[in-house]
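First the structure, which I've put down as structure tokens, then a few questions once you've had a look.
Per-chain residue numbering starts at 1, and chain names A, B, C and D are given in the order in which the chains are listed.
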């Protein structure tokens, strides 16, 4: 899946470490896959906050060593973002940092609020001004309006007004607060490092900074860290957690632990169940690299077919590639993938990918494999058809762009010119996840079946989403 | 193998296509793995030459669309480089373009001349001045001194003076000339596109621009292309070809065809033979991604062990990563790789890599796998011990830095803290290559056994190499 | 006067012209001397606002032609700034643009509010959050809180809460509003261009865009421009205007018309009166270029002494000059000025400058002239001693840095090592201004005599100013 | 004179000072007016040479402090350039640094060789290759071909082959050599600093670095500086010196000493003689700033007319100004100058400029002054009509672009719409120069009267010049 259709954000925070900004930088670097459009770090030296943000990759925004000299202090929070809400503009980069009556505060947000527009309108009616188009700014305004005396109470007051998905990190001069929404839509985990604390969207960030993983922050939990240590609160009414299952399918790095399970074996299990649900008489299995690799390996193992590297990925595609405008050709997926003819020629090939969004990329890949001589091309997708947009922080296109929203599986097979197509079922998805450990068993699968765990205004249709996305 | 120790260069050329510079750009992009330090394109519109060069990746040096407006014409040659000879300076970027008595000429070179210093001294004695430190400039001077009337004869005259490795592309106002040295050290292949011709170091570049692969340019062959078509010459005394076998081991992209064989199956076969030569009682096989993947898969198949993605690669490592200087830790290989504990824990793990240079990276990887809980770590290398420096275009360190030059296999195992180590034999290398098609059977294996096919001045020792590399 | 001690800001706006952003760019370019730290433009196409801002000079921030493609519409306002209040950060660049309940609004401000901190604290108490450190943001918040129905009334409501100096431009989707505070501290003038309107801090901006000067906007006047034309209001209680006399002394370009008088002849008259007040037996008069030129010429004419270019200015000093850090010397003023020995040697020289701030630069200049052989050096200053900081928009240092705040004229002469020193008197200042036309006769001369026309909180001492300046 | 039509180059060198590169940087900064397109420094630490070059102003090319860390050593030479010969490309930036049989050498050149093309063709015939289009590269090749044993003899051998204008600085590992051509077309002077030596095109560079001016290097003199001290040679046949008189008219900074005279008083004297030669009944005298200032002051003094600053210059014009392409107006000279209406209105104005090239700028200035209300505009030029191109280092346009080459003085007056025009005569030029000290009395005035002191190939016509300039 190469289209930038399934991206979101990542947050990272450190409290009580002499190299807080450096560690945050490394943590963001490890989670670069969660957002490539912009990033930022805000640090605190106990007296005031310091910020550096920019559009681009972590390694570029923080490439000047002197940047770190301007981010002093023993605590810091950071953010990598893809523009889930709000346009692509530096002012929408996070952490957002502001002054209000109680001092300064910074916020990093992964997720999406479903009632941000409503709340924003109400706030504007009574005099609030907004300087970004991000839903996250709403939380800041609510916080500034909150009348409670303690920061914790003010945060609770503010969060009781908003609905939707939020894994949040707040930083003040002297405290770091981590909150996960009651549904726990997006992951968030807690670790220790040299006597200090770290919080990250994914545990792979802890591995890089050599922090120790403690546990995930629970849905509905608020963790407050200051120099007296860590305290945990559960300020929200309890509800059935519904973390995003798509983290297992595509988002999270395979070496991360999410919802109490390692991603890689779960992802491989998707392939095994998929082989069981959609077997096919074939000669070999290949993956759409790199996200399709584990599932393809699982499929091959279960189907007892050879697994081959039939599509080679150009290692440099992460970079911005400017296709010459005057070019007579459109190169698209060829820039990223190239088939190995010797492997494919004359063969019946199973191609495993994690999901299909618009179908255009899959169509090109099937064509590419067929052009390389494949006799048959059987497409296997390690998740159910994506039929519904996500309103909880994944940047999916609107329904009318989702091919599965308006086409049957057979029509999709015909469109992508595959000899057959097979999607993992929702039940298969659950079965695979549960096969790997004792973690959460209830999930948000709204993008597959339209069962949205948190309601949103009726007008929150495709049009509304478009509005959010500018 | 992450250390930048085995890099060289890549060349690409187009003749007779309205989008010559664009195609060259794409061709270089597909061969970015052959050199990341700098790149350049020279085009010709039939009247004069135009150049654009820069330090950095292809997508960065050519990121401004207007660059192409300044590279008009229907022919172009390009170059991606790693500094085999000459320092890291924009003036050493290629193609080198100069004016001499017959007009303008540009040159792109992959390889390394072994008598460049001697020839250079001789030329300087009689008044030549050098503005770069690259060995390639020597060829240009010889060309300018040559007395023959025709370009072809002048090129022959010049090349008869130099020894070593060269896959060359020349571009004049009206012609493109491709030459491969008599030993054929480095690859070079020929293709067609829309009635024009293309030449590239690797065939994967043809795939991207959708050119048709015709054949490899033979060792000792000179191909001259102008508006009357293509002509082939064999101006050198015939000799046994000795192409670099390391292209199969590490360099070339797995989807390229080199010396008449696809790289991927050859590389996988290395793993199979390696499993045969160095079996071990283990639970699973993992690769050092991405270069070790095919051999690891071959090893696993032959050893009938499960193949797993036990080390996850950060996709963004291609980018420059500035490690904060004030950091108390040195992150090194952790920035690039992270083990998947669940896969490794309590297991006897075979780790397959393509080669060992200094041993420091292998040592870190072994440690990382052991820290993730592996019970045993068995290192398997899909090539023989690298004991000798390359003088034909690969940027290896000097002998004293090559761990295998001064340590036995047992000592290396101890140094990298592996439970066992196994290198593919030179015979196994040949056996694996020959198992895949009818290509060349004689190779340069000097880096493994010190048998250098082309002699060089006695002083061309490590010291001399160092001199070349600045 | 080379020290960046007397800088402020400049505003420019256009309504009803197809090239609104371009004209604003040119207008800002003409007023670059009013602020070199940052600049910005916000335009409106009738439906929404578009912004581009950046740190640096106008020609640099707007050097990409495509910038203008992203600033469409027939109205625009712009700003050049020196950091009077708020630090040197892109987020403090103006125009500030925000969304509030009534839509979007942008604001450009020249001047300084004296009760911004108080108002800000009050706003923060009731839930406002501030994203910049600029006093200007206060106005935006007041505007958002205002309950009146019409924009005009809301602006009036907001401005009645703040005190101090403000020449303001507001831009909404469909209107441009210009306001000058009741005292008229800072200049603001109105012009016409091709059927549209322009507003600028200085008339020299009109000359460049070839707009017709109509008149100055009066102290306390609000001018509202929309597609129905221009309307004028006087919403404030009338008060004695006290425009800043320092605009005549140093700030404004000599080719501008300020408070109904051309600056150049006024500035020259300062020199004439100064010659009258502080005559001296000398051989020639030289200026500290370029700001001291007109006064020096006036002095020379009145004193019937030859005027010479005895100090030559390096034309490239406007640019950032990075003095090598390892330098053993400190070059300071030498980088900007060089004396012409032949002119000065053996002579009794009168040197005319516009003002003295810390005295360090004057000391270097006197030394430089003496080193070039002057027999006597008589310093003449075309304004009274600067003894008090400005709280109305000029970025002066705090009192303790102003040499005249704590030293007598004789002590200053001794410190700068001049043979004599002579400052223009406050009376002389008025006399010179009034000699040139029928403009305003009451001025703010607080920096000379401490008579601040608008009061401010007692704590608004040097410390407070420092706080404002970060 | 604002058109970039009269620019050349500047050279600076230091030998025997611990901060050689820093001093060179400052020296170039002081001579930035001699070339704004590119600059460079080559330093030597006694063992090898180090270079840094770039397109742009000195303060920009050397803005990174670390640059100086890469330019170690106690000797250095530098260059600021305008592209007299060779296009605007970084490869044409100087100093040129090369390796040849005797080691490394760098060269900085101010001037232009008249037989460079001939010599270049001859060198190319026998095998030299050229990597720049600059005439200076010819000298390097001749040097590399020279057979003499000593560097001095080789330089002499090389320079005996070329004709034209050259003030040269050579730097080798251990020596600095300064040479001025026998005619002494371009200035070059020698100074001392802290026991070391400095060489510069203009003495104003010595003032900035606080070096002591010793004397000018004589026409035909070669000065060799090494650790044993300084030696002077006169290797060329003596000839009548013909330094460029235009240095007095426009080029040199007024605070420089050129050909044994300060520039400022000479330039002012031009105005006095001009007033004598071309008196006019007028009300005031104004200058075209800044180059016309001294002559205007001299004119005013002699004519006993008031001198006023009637045209105000925008201080920021030195910077690149990108005029918006979509602009409906062409702003041209208005961006740089603005008239002061009050001064000009209703007056008979004498406008003094230093020279007229194409006439288009003068025409705009006259129009601008008339639009500001002048009753009469009398143009006075402080040099004779520029009728012939310069082949000795000034970048003048070809003859057909020089308005005076094809138009009478009356026609020019009509074209520029002046009420009268008056040029200083060649005799007046000499008279003014000789009135100021005992310096050189013979000059190159070829651009005024076509008497070229050094002959050049017949084909060296306008076309040829164009060829040189690309």
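Worth a mention:
The working rule: a contact is a pair of C-beta atoms (placed from the backbone, for glycine too) under 8 Å apart; a residue touches a chain by one contact, two chains touch by 3 or more.
Bear in mind that the values here come from a model prediction, so they are computed numbers and not experimental data.
Among the other chains, the CA centroid farthest from that of subunit D is the one of A. Centre-to-centre separation of subunit A and subunit D, using mean CA positions: 61 Å. Our note on geometry: subunit C versus subunit D, Cα centroid distance of 37 Å, whole angstroms. Chain geometry summary: the mean Cα position of subunit A and that of subunit C are 49 Å apart.
In subunit D, no residue touches two or more other chains. The full set of touching chain pairs reads A-B, A-C, B-D, C-D.
Against subunit C, the residues of subunit D that register as touching in their complex are 19, 22, 25-26, 29-30, 32-33, 57-60, 62-65, 68, 204, 207-208, 210, 253-255, 262, 264-265, 290, 293-294, 297, 301, 306-309, 312, 314-316, 318-322, 324-329, 331, 334-335, 338-343. On subunit C, the positions that touch subunit A within their shared complex are 96-101, 121, 124-131, 133, 140-141, 143-146.
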